[in-house]
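Chain nomenclature is as follows: A, B, C, D and E, assigned in order of appearance, with residue numbering initiated at 1 for each chain independently.
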């Protein structure tokens, strides 16, 4: 689906593709063309015929069909900038605690061609940032009137703001995992920790690439971003610095969780071994004592004695109690 | 609460917001405006109406309401610098040893706008460095008279000095943890080590960002910091280099603590296993011997013999002693 | 074998070495000379006599006979560029699952001398990228007509595209290993994980060197690569960035696999120890009880009683059941 | 204590503080002022009144009272350089082997102010490098005559030379630890390894900071260091490169020691477990056999047979021997 | 021993030290002076009196007497370059497999002073690269005729080529270690892995320093290396890049060996524990059954029955077989 917004005389008009063809020759007006999961024919018409986008850029746009999409990048074609951004989405499986522990984060691809008077955005998956930008335009046409670079900043700022709820979810997951590790660690705990680590690495990688990209966009390397707008891009850059920082500290925490998990299972082993040792240490000697009095010697001491059994029982109880006392003293119980 | 200090004719006057409006048009005088946990209305009046601070800077100031605040940064707006600093605070839980082991470190946010004749500071949480600066002003008006960059240096120097007692507390905690690891390691030891690691990472991260920031402030990148003051900023930079260095060596030490903890628990397991092995190795053979003489064969050797039991007992004692001697020789006891 | 393609007057002619000698003096035309597993004599004729390639470059070409070949590099000889690329190949052992788990990746060497009107490629092992380029030439002579730098870009783009199926195979192997680690870990699992790690390191190393090389080729450092072509080299560079990124995330995942493997074997140990402890804890006390009633005292309590055995049996069953209940409560079963 | 050396007319005079005041106004002569553990009054007179050292530099000097002192740094005050160096000292505890294993390394602080005709050195702890420099002066006045930068190079070269015996001691300690780890590892081994690691990190950190500092001093960044002397500073820089390199390889070795220690204790556990398993595997079956013939059935096979016991004994010996043979074949013994 | 080669009129003359003194004043000719394990007197004559080498350079040369020598470096003295190289040598202990496993690599020192018309080489240990250079000179005087920088390149190229057999030996050692780890791991395995790691670190360190040095020599930083020769130095640089790369991949592999070793010993522990558990789980219940029928109750069920023993035996066999079946089903056997 192709949506076209045309800002002229302080208002926004929605155009059809046909009308667009006519507008392109006018000397005025600012255009935003959004390609939302376009057919190949639409891509052909808009990107190739109308805007003459470089074939390599179109090829990169189409990587968006892949599961992970193209990595973030910015390419300078002289009179236009080609930019790829990776919005991040959370897929929710199950409910409540279970959903918390099975955090699943996916990256999508949002491509954009930014030139002096035009912004083209291209994506195969629905993007909340684009929907929000369309709503904003209807309220405040000036958003597009300030130039395509301002509108584009709004969109990527929205994309980056969208990381916040995902990082919050990550925070909850990390807390829930911490509890699981210390309360009820099991085989699946390891699987979950590794899954969590992968998710964090995904976010970190995307944030790092985008941070580098925004660093370049905000330091005046590209003349298409005006000086006035650069400060807004710097702001997005700051948010991405924060994201990267958070992702890195989560990585450290998950590394700590792994250590904790191994230490907890090793402690459990110690616990089990102590029980085994205590049981063996008490009952093996008792077994020898009963065996002793079970020997078939004729002159077994005390065998004839009326209180023999009682004495043996008392002796055995004493041995058992003595062992327990030794354990107590060594703080094993 | 808004506090306004106005230096003119070698003395300090405290102004109300109303008086401030009038002063702003005078060609002379140096201003310091401190916003201490301001209402939105106060922020609106001071930051927006009176000083026309950039909306993005105000937005960043308001991040201070969040638990951790915005990361340290410096932004050059041409005629003013916008700076965020992260003072660090210790929250004390419990008392004595327990408090030592449960060190909890929080970062807060202190924002400042520094221009040729004005310093605006903004914070939601009470800041000791600000209180100290106010006291200093009443004693020595020249502190403000030397320019807002000198006063600002006093404040951040104070913030950085405040790290020292926290690093000392950290040092005590590390020592206490070291003792706990080698004396009485338990399940909570692991939790504490991980908590300690997080605290150290927090301090390190804040120190690194601030070090980078002061590196930029002290090398003449911003004309608002005069050459004479740069050496004072370099001094603060040096302190932060030391902090980072300390935080990094603590990180190494805590890494060593983790290794030590795992090695101690593994040693304990070895100890337990040795006891189990010694007990089994002594009593299992004895059990077989008693079993041997408990067999119901008619012609059991020695069964009829008067000293049979005694001989068997001596034999068993010999076997047990032999085993103990073997352990002794192998240095297992 | 030497194949020579000569582009003149918009068409491609295949020349023999003899014809080549004559063409070299013509002022026009573009040449591509491919040396496919050449004899020393052919190398001597083409590289030394005809094109006067620098002896060090020839020496480097001949490193291609070694198992791994020379690392990727680019050397500027003023009027020509000498470039080494490392295509990657997969050797398949066995079939199905087994082939998946025994991924074996080898690097080969493809050398090229690029000058204003000539491209010389040199390799000892058959290269799919060269075969594809030859087919392309027969369909579209313009591929060579756009200059040797364009043709060379086609070849290395093809080489890099060839990494994709290998990385897909790697992905399958990683998934299969993950399953093996959690389902049926064994001694060979460790061997396989280490083998997988080596393969990933190989790919990563090659990709990193080539990425650096393409970074240099695509930023205008060498005048032989025209501005128009640079964007195509940048495109190959982007692909290599993606490869490196993937290789690095696989390295992290394999690191996680190692941790998982160790944790799984340690969990198995815990499981075994629990069984041992449960068995010992139930049967050692029972053994003492049977031993007790097997003692040869005259006045053994209940020995004469008709329901003695039944009572002892019930008592033993109760002890066993009690033990099981304790385990149940401690969540050991 | 303040020692003052004044080089004029090719000889050295020792001055009192009073005489110094007069000399300061002469156009000729080279001065060296050493403050050895000075009172505050002496610091006030020399640093503040006579030489007008920057207050921040004095503050940094006084950090030398702290246990670790200020980190190495160099600060350019235009007409003077302020330099802090960290000599390293070894504290010896106990004797012989014990002293070797308990290596304890401390850093101290040596501050210096270097200007065109003056060198001021300042330290609270006695410094061998200073003592040596004083002795050298009395033998060869020209050492001071070649300028304060030459004398200062002599001092820091001496400081760096002093690292050699400490690194040799470290080498011995590492060797002794290696032996302990493989011969008689115990709980204190871990403590010692961690202590050793801390010492190595201390040396490494100090060496790295000083290396960076000498890199700056030796590349012509400061005009106070003349071109002729720069090569001498480069020489000191080389020594520090070697120190850092050594410290880093020791760090690797100690990392290996930790791994070795954990592997040795884990091997010991394996050894213990094998003994337990062998004992259990031999004696548990024997125990069942004796139990079998201890059952009170009327028609126990062989009970009446004359050679029953002998047969049973032979059978038991055979079972035991068989088990041992199995162990032998599996290389467990 | 001092060997002097003098190239004049297209031939090589060997000079004595005395003749050298005379030649030094001639305006023509190229000199190579090799000091092979020189006496101090020879060093004094050649380095100090004749060529006036800087005292610090001589001091560095003499570090070659130490076990490891001075680290590689290059120092520019304006009209001469002082270069230190670290050839690597293998010391062989024992024979065959044993020699393979006990790889011992030593670094030596080769110092050189390179000026416009002279090359001085200095070493205390015999250097194959020098011997080869002397042989080459006798065959092809032009090697020296092309200038001392060309000759020096020949020597260091030879030194670097000499790394190849050592890296091959390393490769064999790594393979042999891999086999040992998986076939017959023992206490000495750990010692050997650590030894191997040290050797690899030695090679890597030397290669890295030399790579950096050759990077500087080959990029035109020193006018003494002519443009024509630079390509040859770049070639040596490439070889060193390959060495470093190999050394780093060996480091990774040895890291993997350590992991593998720990995993193998941990697997062995698991194996041992399984045997223990299986034995205990089978024989402890049987022990209780025999104990049951060994109790001295009057009315023991089946005691009087003719087939009692047979029934009990069958029951015990059934219990044992049942246990084995459980193990089989759980894949423990």
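Basically, a residue touches a chain if its C-beta (ideal position, glycine included) is under 8 Å from a C-beta of that chain, and two chains touch if they have at least 3 such contacts.
The shown structure was predicted, so the numbers you read here are calculated from the model rather than taken from an experiment.
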Third chains touching both subunit C and subunit A: none
Rotation in the CA alignment of subunit C with subunit D, degrees, nearest 5: 145
Length of the line joining the C-alpha centres of subunit B and subunit D, rounded to whole Å: 26
Where subunit A and subunit E are represented by their mean Cα positions, the distance between them in whole Å: 42
Sequence positions of subunit A contacting 2 or more other chains: 262, 266, 269, 273, 276, 280, 284, 287, 291, 294-296, 300
Direction subunit D, origin subunit B - full chain order round the ring: B, D, E, C, A
Residue ranges of subunit D touching subunit E (in the complex, touch as defined): 182, 231-232, 234-235, 238, 241-242, 245, 249, 252-253, 256, 259-260, 262-264, 266-267, 269-270, 273-274, 276-277, 280-281, 284-285, 287-288, 291-292, 294-301, 332
Contact footprint of subunit A on subunit B as seen in their complex: 54, 56, 59-60, 70-71, 73, 75, 77, 187, 190-191, 194, 197-198, 201, 205, 258, 261-262, 265-266, 268-269, 272-273, 275-276, 279-280, 283-284, 286-287, 289-291, 293-296, 300, 302-306, 308-309, 312-313
